[in-house]
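Heads up, the next two complexes both have chain A, just with different partners, chain B and then chain C.
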Partner chain A sequence: MKTTRRTLIAALGALLLKPLAAFAAWNEQAFGAKTAADALKTLGASSPAASKDIVIEAPQIAENGAVVPIEVSSNIPGTSSIAVLIEKNPFPLAGRFEFKDGALPYVKLNVKMGETSDVRVIATAGGKHFAASREIKVTIGGCGG
Partner chain B sequence: MRRREFLQILGAAGVAGASLRPNLSAAQARAELYDVKPFGNVTLLHITDTHAQLLPVYFREPFGLENYNLKSGTPLAYAHTHADFVALAKRYGKVGGFAHLATLVKRLRASRPHALLLDGGDSWQGSATALWTKGADMMGAQERLGVDYMTAHWEFTYGMARVKETKLPLLAQNVRTTDFEDPVFDAYALRELSGVPVAIIGQAFPYTPIANPRYFVPEWTFGIQEARLQVTIDEARGKGAKAVVLLSHNGSHVDLKLASRVRGLDAILGGHTHDAFPRPVRVGSTLVTNAGSNGKFLGVLDMDVGTSGVKELRYRLLPVFSNLLEADAGMAAYITEARRPFQAKLGERLALTEGLLYRRGSFNGTFDELIIRALLKEKQAEIAFSPGFRWGTTLLPGEPITLEHLMDQTAITYPNTTLNELSGAQIKAILEDVADNVFHADPYLQQGGDMVRVGGMSYRLEPKAKIGHRISALEIAGKPLHSTKRYKVAGWAPVAEGITGEPIWDVVARYLRATGTVPPLKAQQPRLAGTNPSPNMS
Partner chain C sequence: MAAGPMKMRATIAGGNTDVRVLMTHPMTTAQSGQPLHFIQNVVVKQNGKTVIEAEISQAVSRNPVFTFRLKGGAKGDKIEVSWVDNKGDSNKIESAVA
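Right, the complex of A and B next:
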């Protein structure tokens, strides 16, 4: 569908441009953290409030653990950044995205997952942190029907 | 809703035609079963999971009488349950067969000229001839039967190109390209029936690239796609559809959950798990049906649809008794012709069975037991695994086992056998993984097969536990499996690419030829702990 493709390209564009702009702010400690708790602590988001206004679109079961598509959007007014963490990955923080005022807080990314894990999304708005999570299952497969 | 709950609903509702007595004459039974009074202005006829069975078969269901509140000895008890199976199979004969199905379809179309015929998928796989012709024999049969629309699952195991070759409109709202998420098939069809616009939405098997090898469909992505389904329903309604029906290959549990989460579906005509709902289940304003397997049933959904939508629905699931329905001459001739090049090969007699051989069951079936024994012996393995497929026909005691029968249980495009050295810990992890895909508390995480069949070792299974805790007490020859020790494990149907082991049918055929006579087999099962989610299945 054309709108989907355009949205995706826009998101990809955002992905390409943003890290360049944000290069100076690269948080090595957060991305190098080996647990989700440590990564969140480094980001200053240790105890985010649960929110239903963060929407995570992802497969229930990954078709391919090497490329798991995750789509995140935040309906929290003033969302300025979104962080995506894969709890059981060796380096849980998979990405952090910053949004200029008025930009649509929407991002789509592919992540690699070795095993079933919760995916945690942290949205930051007005200096406050909000969280939502959902499980994505990784299975060896086979034996169907 | 869990299986037990909806089965109770079914039981309480009773069954249409349950008055069929055990000693009806053929003419009486034919009239009671098949003289379905027309109703309304829109009719959808539904077949699903025929698994390429062109000829009539025996098919033993996993349920008992108590599941459906059926009287013992009746034709419907024979169609829906395994009670007195062998005796009733002899009394009522084989079921299904496309020539008999064609007669029934024609009979219903005569009284309902507006009817559409929908095929829920798994039509091109399950027989030798379908495998050897890459589904061509079945495409011909679908065309002659007059299938208007289909959706798919095992069809995808012939590869993306083959699926795209079919002339039949294949509907699937949940299949997209992996790169730009472009639709691969039409999501739905909008048809005017008796002047009323009706939308049929297709839902392919959501877990095709997981339950079957992904390398057959590398450029396509699946999933349940609930949000997209809602958009599709709304779009169809926006374009004027007065009735919207989902032709689904989700499996019954997924269908029931899905019905509770989307708005605007009048009915879900479901398949995949091979459940034959004698009565439909109402979830909110959606009627959910599942129409069995192997050509054994034809679903008839009659609807009275007006300008403001569906006013009333009536549903009947008709068992196809081949002794009660004459073979359609045109279809019979087509089938004979389609089989002719393979007839001699198919008829090869490999062995004789003294016991009943069937596949369906949550944990094992006797034909799988046979496959397991063949794998253990021929591969000189300590342990053998066989997938919990739900297709595969039934043989009565005293029947010869032909190559065709063996292919009915094994005809897939990835038939290779494997022999691996696996540690006790790996074996437990595999069993946990499969059990989670079968018994997960969330229907959306169930893939719809049965538990993998296991030979050479025993274990304890607690279906309602969480992953990592369902499997315990793994033993080989009465001694605990060591987590670090390695065992020789045979299997077949690998989902990984590039595996070249001897096809399973060659392994089992060799075993059968050497065995000659197969004694009655006991289907070995794990020891069950806790509550079995489907207590009456066996």
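Right, the complex of A and C next:
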């Protein structure tokens, strides 16, 4: 086959567009919010009810803010999504996980923390929002990474 | 940077399927002075069916490691994890539950 510049560009374009189309969108507004309150407003979860059924496992003191392990699970029946926010990060929303049929509302991840901060977890179940938070002390900030 | 390798281990634990996955990615922030480059979407599939969809930010650590938990499951189930970043790079890995 003769490869012209046009076919090459078309093939490249298809390659770039394909993976994007296969994924859900990225909530630019929520992730771009500079306060946790604004991020929650964007997610439609402005005033979540405090819940003891959200479990946050994390170190009390993180020596390295570049890698802070956080393990989150929700025991609230029907939990369909979990959002993790780090209050004092420049952009607090770190992730939002949607659990479909077949998944348990659980995730373990490593996050960067610029400084000592509350980590807030929002669980959504049956259209209602629930929250729990936990302070993690950071000795060396990790947002330069 | 091209998409780096991924590693995954899916095992049955306590009657459920634990999926531990590593993605090789710089996850650079705006604060680092380097171009913003981070994974935005992660999708987990079990036997071809989407079970978890995640949106993440640059606050996730470099070379992200996630553990997910799927209800039940059996040895041999096919687990696929894929990601796409803010530059349109993507990668995926598939393996059977051990």
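The rule is short, and it goes like this: the second predicted complex is superposed on the first by the 114 of 145 C-alpha atoms of A that agree within 3 Å, B and C clash if a C-alpha of one lies under 4 Å from a C-alpha of the other, contacts with A are read in each partner's own complex, and residues count from 1 in each chain.
Quick note on the criterion: a contact is a pair of C-beta atoms (placed from the backbone, for glycine too) under 8 Å apart; a residue touches a chain by one contact, two chains touch by 3 or more.
Please read all numbers here as calculations on a predicted model, not as lab measurements.
Look at A:Trp26: by the touch rule set out above, it reaches chain C but stays clear of chain B. In the superposition on chain A, A:Lys100 makes contact with chain C only, while chain B stays out of contact range. Of the two partners chain B and chain C, more chain A residues are in touch with C.
With both structures placed on the common chain, the touch criterion links A:Asn110 to chain C but leaves chain B unconnected. According to the touch criterion, the shared surface of chain A, contacted by chain B in one complex and chain C in the other, consists of residues 67, 142-145.
Within the complex formed with chain C, the residues of chain A that make contact are 16, 19-20, 22-24, 26-27, 31, 66-68, 71, 73, 86, 89-91, 93-104, 106-114, 142-145. Residues 122, 153-154, 178, 180-183, 205, 207-212, 214, 221-224, 227, 251, 272-273, 387-391, 430, 433-434, 436-437, 442, 444-445, 447-449, 452, 467, 493-495 of chain B are the ones that touch chain A when the two sit in their complex. Contacts from chain A toward chain B in the complex involve residues 1, 4-5, 8, 57, 59-64, 67, 69, 116, 137, 139-145. Across the interface of their complex, chain A is touched by residues 16, 27-33, 40-41, 43-44, 46, 49-62, 64-71, 82, 84, 86, 88-90 of chain C.
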